[in-house]
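This is the structure I have questions about; it appears just below.
Read from first to last, the chains carry the letters A, B, C and D; within each, the first residue is number 1.
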Amino acid sequence: MVEEIGTNTDGDLLINVGPQHPATHGVLHLVITLNGETIKKVEPHLGYIHRSIEKMCESLTYRQFIYVTSRMDYLSAHINNHACALCVEKGMQIEVPARAQVIRVIMDELTRIASHELWWGAMAMDIGAFTPFFHAFRERESINDIMEETCGARLTMNYMVPGGVMADLHPDFQKKVKAFISFYKTKIDEADELLTGNIIFQNRMKGVGILTKEDAISYGCTGPTARGSGVRCDIRKIYPYEIYNTLEFDEVIETGCDSLSRYLVRLKEIKQSLRIVEQLIDNIPEGDFQAKTKAVLKLPKGEFYSRVETARGELGVYIVSEGGTTPYRIKFRSPGFSNLSALDKMARGSKLGDLVAMMGTLDLVIPDIDR
Amino acid sequence: MEKEELKLKITELNTTATFDETGEWLNVTVDAKDWLPFAHQLRNDPVLVFNYLFCVTCIDWKTQLTMVYHLSSTHDRSNTVVIKINLDRNNPEIESVSSIWKTAEFHEREVYEMFGVKFLNHPDLRLLILPDGWEGKNPMLKDFDDPVNMIRL
Amino acid sequence: MFIVKYIKNVFSAIKSLLVGMRRTGYYFTHHKEIITQQYPDNRETLVLPERFKGEVVMPHNENNEHRCTGCTACELACPNGTIKVITKFDITPEGKKKKAIDKLVYHLELCTLCNLCVIACPSDAIVMAQTFEHSVFDRNKLTKVLNNPDSKIMDGVE
Amino acid sequence: MWSLSGITNWVDQWLNATFNPTLTLIIEMVIVGVCVISLFAVLGLVLVIMERKVSAWMQIRLGPNRVGPKGMLQSFADTLKLLVKEGFTPNGADKFLFNLAPYLAIIVAMLLMAPIAFAKDFHMWNLNIGVLYVSAVSSISVISILMAGWASNNKYSLMGAMRSGAQIVSYELSAGLAILTIVVLTGSLNLNDIIQSQANGWWIFKGHIPAIIAFVIFIIAVTAETNRAPFDLAEAESELTAGFHTEYSGMKFALFFLAEYVNVFIVCAIGATLFLGGWMPFHIGNWQSFNHVMDFIPSSIWFMGKTFFLIFLIMWFRWTFPRLRIDQLLNLEWKYLLPISMFNILLVTAVAILGWHF
């Protein structure tokens, strides 16, 4: 006969969501304590894709370690590389040429759009709408094609080097980006038509996964997750790097603290990113794309911290140097790790179906959490 | 807040703290036993309000372990300090601050398994990333040697 | 009024659903919006950009000559130990010993296609090829020797 | 004119002339059984390819296009794959119930075929309580789902089954009330009588507001009853991996799959019969020549056309909407659909008593 279903001593049902589960988008493992359909506790178990990138970087030179970080948050690989390049440049005091800075920012924003597009599709799939996923991929493919042409790869571009970018822009780059922007503008309302305005979607998102402002700060949430709770935390605004202080864009803040706010923040961020790209695409200054650097980079003894705004939040790179060619200790403060820790707080008391929606709005990328 | 102001303010809170101003931010070194009350003061001080702990990590200096806490405030983003606490490498123990900053819970668990630092009064000090039943050295320590190293193979 | 609000709610809900259905209905009837690429069929017409990083290759000219001096710059630049340069000593016509490569072993299975070796190469001996169909049934086939057998270094490359 | 009823009559006469009545009945039952099973197979194949093509075109994809012309034989390949797959029974499962559940699902779907009129005078069983029979038998399907969920010894399956139980039991109410609206208007429970009553116009085109409301409610309720998105909580791929059939594989999974599609077909057929006039051709008032042309289209084509239109509608829902949450699903039923259909049935009763309908 049927064995007794696994329960804990309180008679609650324990369910393992993951490591292989359609909603975890990777190998996240959540142990969920359920009372009926209501969640009592969510306990993440990590490490299924831990590659110890921090340890690995300790044996790589300052030129080499950048490529490894593409594999952390593979959806915003370019921005990860940017953080590392910034940190090395900070230590070496390399002046990045104006052209390289503009190229970097354009690429960052394109990456952000691509990442948010994928998130939009995946999140729609989490709550049961399959069609948006494919529509999202159409836009993302266009960006990937642009990336492929200039950087030579679609996902892990490895286009950043300390002191600039690896190669100059492809001659067709501006034309293609403009074509993409005009194409994208005809499709941007689709998100509202298919999901945002939909009554089922609204009911699924409104008022679930509440993360108050205090909790968001206490849990160290950053990025759209925290901005959906009304925390002002866009690194591009509060600690501007590269040329972000000269650009016109708004920091998107929603004060709803729920899943819908986090969703709306990301959708509006796409528009802000488009705005940045539009500002820059016609104004790429001439000049070098790379500063002259020594063949072997040696960071002076000391500690260096740089942070950037990835699509998921604040990525910090903390390098402790002993003056050698390799970092002595390197720490990546990944946004996903902190955001995930708030999941338990958000999920308690809501239904199992909402957990999936919440995970969707957190935009979890598991390699980013595990590193 | 300027580094000097921060320094004055922190000296008021903890007289034994030592400072290092070479980095980008003010580095404050305190004793492990002072850490928890000091953290409470940093968090609840009406002027400083260090409510945002954005990075917790540990450095293995081979002779000692150093816990590094990066603190900032959402009220005044220019307030940033780096708190460093040196620990005995053979028996690293420190009070957990997860009651003050919730984010520390996960970060401390990560440091616990990677460096073997014991966090006292941590609500749930278990392995987070390493597989259950991991035995042997903590992987991020400098004298850890991975038996399977793809690059050196 | 409660009942008016109730009815309004019902109608606005139905309207929001119809808006979504109009969008999917549009795509259902407009087949030219389809973006599917029929990959193995379009292999002939598939154009990869010239910067695409597929695998590291060493171009040879028609006399079976390459540009590699065996300086191991690529080996040092590689983060993964993908490239192993095995050198030998050639005897030049003048009777001097000259370092040259015997084999440049390239492990495609370890390569992350980061392009660092190509940048590091002082004599432009290796480039990235635009191939991408790398799957094979035997892992050993992924370990490649980049220089052709009996190839020589090009004249004038130091 | 050529018609399906002509063929059946001819077969019946020939059998009666050749054999004694008992044998005739047995042979006829066997023929009907074979017909139903082959109809099942055909429906499964057609609906699967239809679903895949509809979803693909809505998702700006090509869809299956390798097997056969334009991929039309893809379902044969799918079936072959499912047939040769190992039918796996998990270790802790209740073997008997686990293996019984898919057959129960398919038997329920088969039973539901009985009263449906596929064309003029072409039906298996001219049942005088056809509507009641359909609503009664369709509620058995929940048992197969509960059985599958419980016997799998899988928490996901159990949750899916429990969700589905709550869902089907609730939505049966409003589906039944929506059907009742038409019963009140026609005054008969016989499906053939209901079709005959629509000879001068289909119920949703006759201008009765209650009939239109009932149609909308019926479509929503049957979507929920057949566990189709946006009400696919029993399967809920992103939450429960595959819900009640998580542990099923091979042919047993295929039977569930088939039962789902056949159920969709049946509820759409019932919907077409009740609201869209079954096999009745489309007539417009006094346009004699237009009506005459419409009469030339065989009645079976009319029936299938209407049914497939409704199936397309349900597929359209599925590929557009996100899924509801379990409490919202029940809210929708008990706070919206049920009160509205209660009010609707009051309205239609008043209309019928006062004789305002035509």
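The rule is short, and it goes like this: a contact is a pair of C-beta atoms (placed from the backbone, for glycine too) under 8 Å apart; a residue touches a chain by one contact, two chains touch by 3 or more.
Everything numeric here is computed off the predicted structure, so don't read it as measured data.
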Winner on C-beta contact pairs when A-D is weighed against C-D: A-D
Centroid comparison with chain B (C-alpha atoms), farthest chain: D
Distance between chain centroids, defined by C-alpha means - chain B, chain D (Å): 63
Inter-chain centre distance, chain B versus chain C - centres from mean C-alpha coordinates, in Å: 41
Whole-Å gap between the CA centroids of chain A and chain D: 45
Mean-CA-position distance for chain D and chain C (Å): 51
Shared-contact residues (touching 2 or more other chains) in chain C: 17, 20, 23-24, 35
For chain D, residues that touch 2 or more chains besides their own: 58-61, 319-321
Multi-partner residues of chain B (each touching 2 or more other chains): 151
Residues of chain D touching chain C in the complex: 54, 57-62, 65, 316-317, 319-321, 336, 340
Touching residues on chain C, where the partner in the complex is chain A: 12-13, 16-17, 19-20, 22-24, 35, 48-49, 51-53, 77-79, 112-116, 119, 128
Residues on chain A engaged by chain C in the complex (per definition of touch): 60, 63-65, 67-68, 131, 138, 141, 148-153, 156, 158, 161, 166-167, 170, 190, 193-195, 197-200, 202
Touch list for chain A against partner chain D, complex: 1-3, 5-6, 13, 15, 21-23, 37, 124-131, 133-135, 138, 194-195, 198, 200-201, 203-204, 351-356
Contact footprint of chain A on chain D as seen in their complex: 55, 58-61, 92-94, 150-151, 153, 155-156, 158-159, 163, 229-230, 232-233, 236-241, 319-328
